[in-house]
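Note that chain A is present in both complexes that follow, paired respectively with chain B and with chain C.
Coming up: the complex of A and B.
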């Protein structure tokens, strides 16, 4: 995603020539991924991404002299890379990591919107349970109306589901008083008190807009 | 006695008889007697008040309160507890928002707080920039912006500005940022001009139409709206409510759209509302 590539610059400070991390002789063979700071030299001293380097030094102790086999180091660097990149664990600058309490993982700016969406969905789930809805489900929805005590009831077939985090919406098509109606409901809205999947119709599409040209009996449902 | 042209401003003064006139050059060659009135040449440029005792005219207007700098992250939806659906922009904060300098009328001629934003590597800044930041022992930061205030008590260099203390949910804010550049655009997009008819024999669809009257005035007025570069300039959106502040993620949700694309630098200040908090000069 363009935004995440823009914002992938980590919030962690990156020292250039820190006295704590001299270019020690780490015998690491050529690495598959490319980072700006890597310079691969024949003697084996490699300037790694500080995050990766710290992870190595803290977890595996002192750097190895050039005696370990190539396969071992590649395997370990592979592990390191995956653990440091996917785990996103911040290792403190000091070499003695075990003494400090575990820090919170850094949140990349590009992930914040995803995390916020998850947070809001979790909050909405505590109010009401949202079932798994697919196009083709026949669904009953109870919704509060403004200045009305009684809940409005809608029963129709789901013709599309738009996944948008907290603003996930479903489109219901049904027939009222001889008029076909399509309504859009934000699934996680607190105005919607209950969603119940009544039955399911086998469909081979994600969006059932073809029902608009079909006979009304395909989207007419009796409310009990 | 004559006076030779003072080249920096291109002023040339009448020369007395019998003297050779020197050609205007770009070097500051002032030979001859310069009348005292010539010294006050500059327009109101902000300079250190202490240097020559010239009265400083600060160009920025007052802010209603200290602000912060942030990064636009993107837009999403926020559903309020009552059920109202609100479009919001998420603003994130990188490491920064540290006071780097406090300017006072005694030392600089005006009161302002200079704030830095976005930590970068040492090598990315020039030595003068680094030296300025090292004066207060702060981290190397890319962006420096000033917030001109009525009073700068309570701000010290090195102070970290906490967003939760400055802004609360429901506050109105003004947001400044560089808008998206649209390139060279015509009158319709740039100035909301109306199109000509598309058919019925019309030959003018998206043109400007008339650009002036006739023989009088016989010219086109300055400022006539014409095609040109659109966007990519500093834009301020006023009176936007802060919907939510998330302290764990260090993010603010502001209702509405903000200038620029995700990743853009934003300057967020308390809204200046007439009758409420616009400071009097």
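Coming up: the complex of A and C.
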């Protein structure tokens, strides 16, 4: 995904801030190759905040030109990029003139992964709708195989669900050709075309690993 | 290997790594058969499935005549064989009139493994037992039929003939 590659750039180790060089200027020089139309917001605030805001907005491809009426224009960025580290003090003086944008919630370092995961999930949801899956559901999954046109169909009981943001996985147990198989699927993967909950079995556990000792009839399902 | 043999003989539940677990509910399932790894699984102490290594018993799922094979060498890895790898085994149990006899040293392709194998799209697959299809040195199967599902990891490893004979590709 283009956006993920952009964001992965942004997750490179950031140069630490010091009083003389506001973090925004250092960060710009490192990210200038990937982000365009960067505008400088107030420098006095929390070091990471303007950086995160910039990343989010650029990944959605919003042109900042329209919004720079209230903030410094891209002419400022040109100046900044040319005079990278040494231009710190010039920028802080020039930017103090701009009007303050409305206060946005400060994004803490620990929240970033949560924000990114939410964004990835939103993007994945546009491709397919992921139903609410719980252990004990009998589920039908249609998945594209590697380099194959036809979809593979798997029908089995969900024995566990592991929540991990975009890498939420479900483990399905079923029987094929007389052999029990367990498959783990990442639910938001674009390879999975469709997940459908066929029925539900009442269970009193979150993880149904006891089914491995039970009779095969508890995890055998007829495919239509 | 030593830990595994030790765990087989001990009465208190030992996981493969040698850690002592409390007395487990699933001890009776240890009598499931010498074929599978000894399963002391309980909802709290799931056994960590590992590679197929020396002394691992594997089921044979083709009609070459052998029934059980004990791995004597996992080619290509010091740790052991995974799904889709080739092993050298010694036939421990064979049908009376088959292509292989008891005591033969054979090559085999692992088609079912109790250890999960990750795929490049983020999914994982694991079976409940360890099974092997006997092949010759060139990689062609000795038998003419393959029973049970086979994973499509074999396609990448160029075991196309086994895939062609398979009932179902998982």
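In the analysis below, the second predicted complex is superposed on the first by the 122 of 224 C-alpha atoms of A that agree within 3 Å, B and C clash if a C-alpha of one lies under 4 Å from a C-alpha of the other, contacts with A are read in each partner's own complex, and residues count from 1 in each chain.
Following the convention adopted for this analysis, a residue touches a chain if its C-beta (ideal position, glycine included) is under 8 Å from a C-beta of that chain, and two chains touch if they have at least 3 such contacts.
Because the structure is a prediction, the values reported are computed rather than measured.
Q: When the two structures are overlaid on chain A, which partner does A:199 contact: first (chain B), second (chain C), both, or neither?
A: Neither partner.
Q: Please indicate which partner A:176 is in contact with in the superposed arrangement: first for chain B, second for chain C, both, or neither.
A: A:176 sits against chain C, while chain B stays out of touch.
Q: Looking at the overlay, what does A:191 touch: chain B (first), chain C (second), both, or neither?
A: both
Q: Applying the document's definition of touch, where does A:165 land relative to chain B and chain C: first, second, both, or neither?
A: It touches chain B, and chain C stays clear.
Q: Is A:117 contacted by the first partner chain B, the second partner chain C, both or neither?
A: A:117: touches chain B, not chain C.
Q: Is A:109 touching anything from chain B or chain C once the two structures are fitted on A? First, second, both or neither.
A: first
Q: Need the overlap of the two footprints on chain A, from chain B and from chain C, as residue ranges.
A: Shared contact residues on chain A (touching chain B in one complex, chain C in the other): 167, 186, 189, 191.
Q: What does chain B use to touch chain A in their complex?
A: 71, 73-74, 76-79, 81-83, 85, 90, 92, 94-95, 119, 121-123, 139, 246, 249-251, 253, 261-263
Q: Which residues of chain C touch chain A in the complex?
A: 26, 29, 39, 41, 43, 46, 112, 116, 120-129, 147-149, 152, 167-168, 170
Q: What does chain A use to touch chain C in their complex?
A: Listed in rising order, the residues are 143, 145-146, 167, 169, 176-186, 189, 191, 205, 207, 209-210, 212-213.
Q: For the complex, which residues does chain A have touching chain B?
A: The contact residues of chain A facing chain B are 2-3, 6-7, 11, 13-14, 16, 107, 109-110, 112-113, 115-117, 120, 124, 144, 164-167, 186, 188-191.
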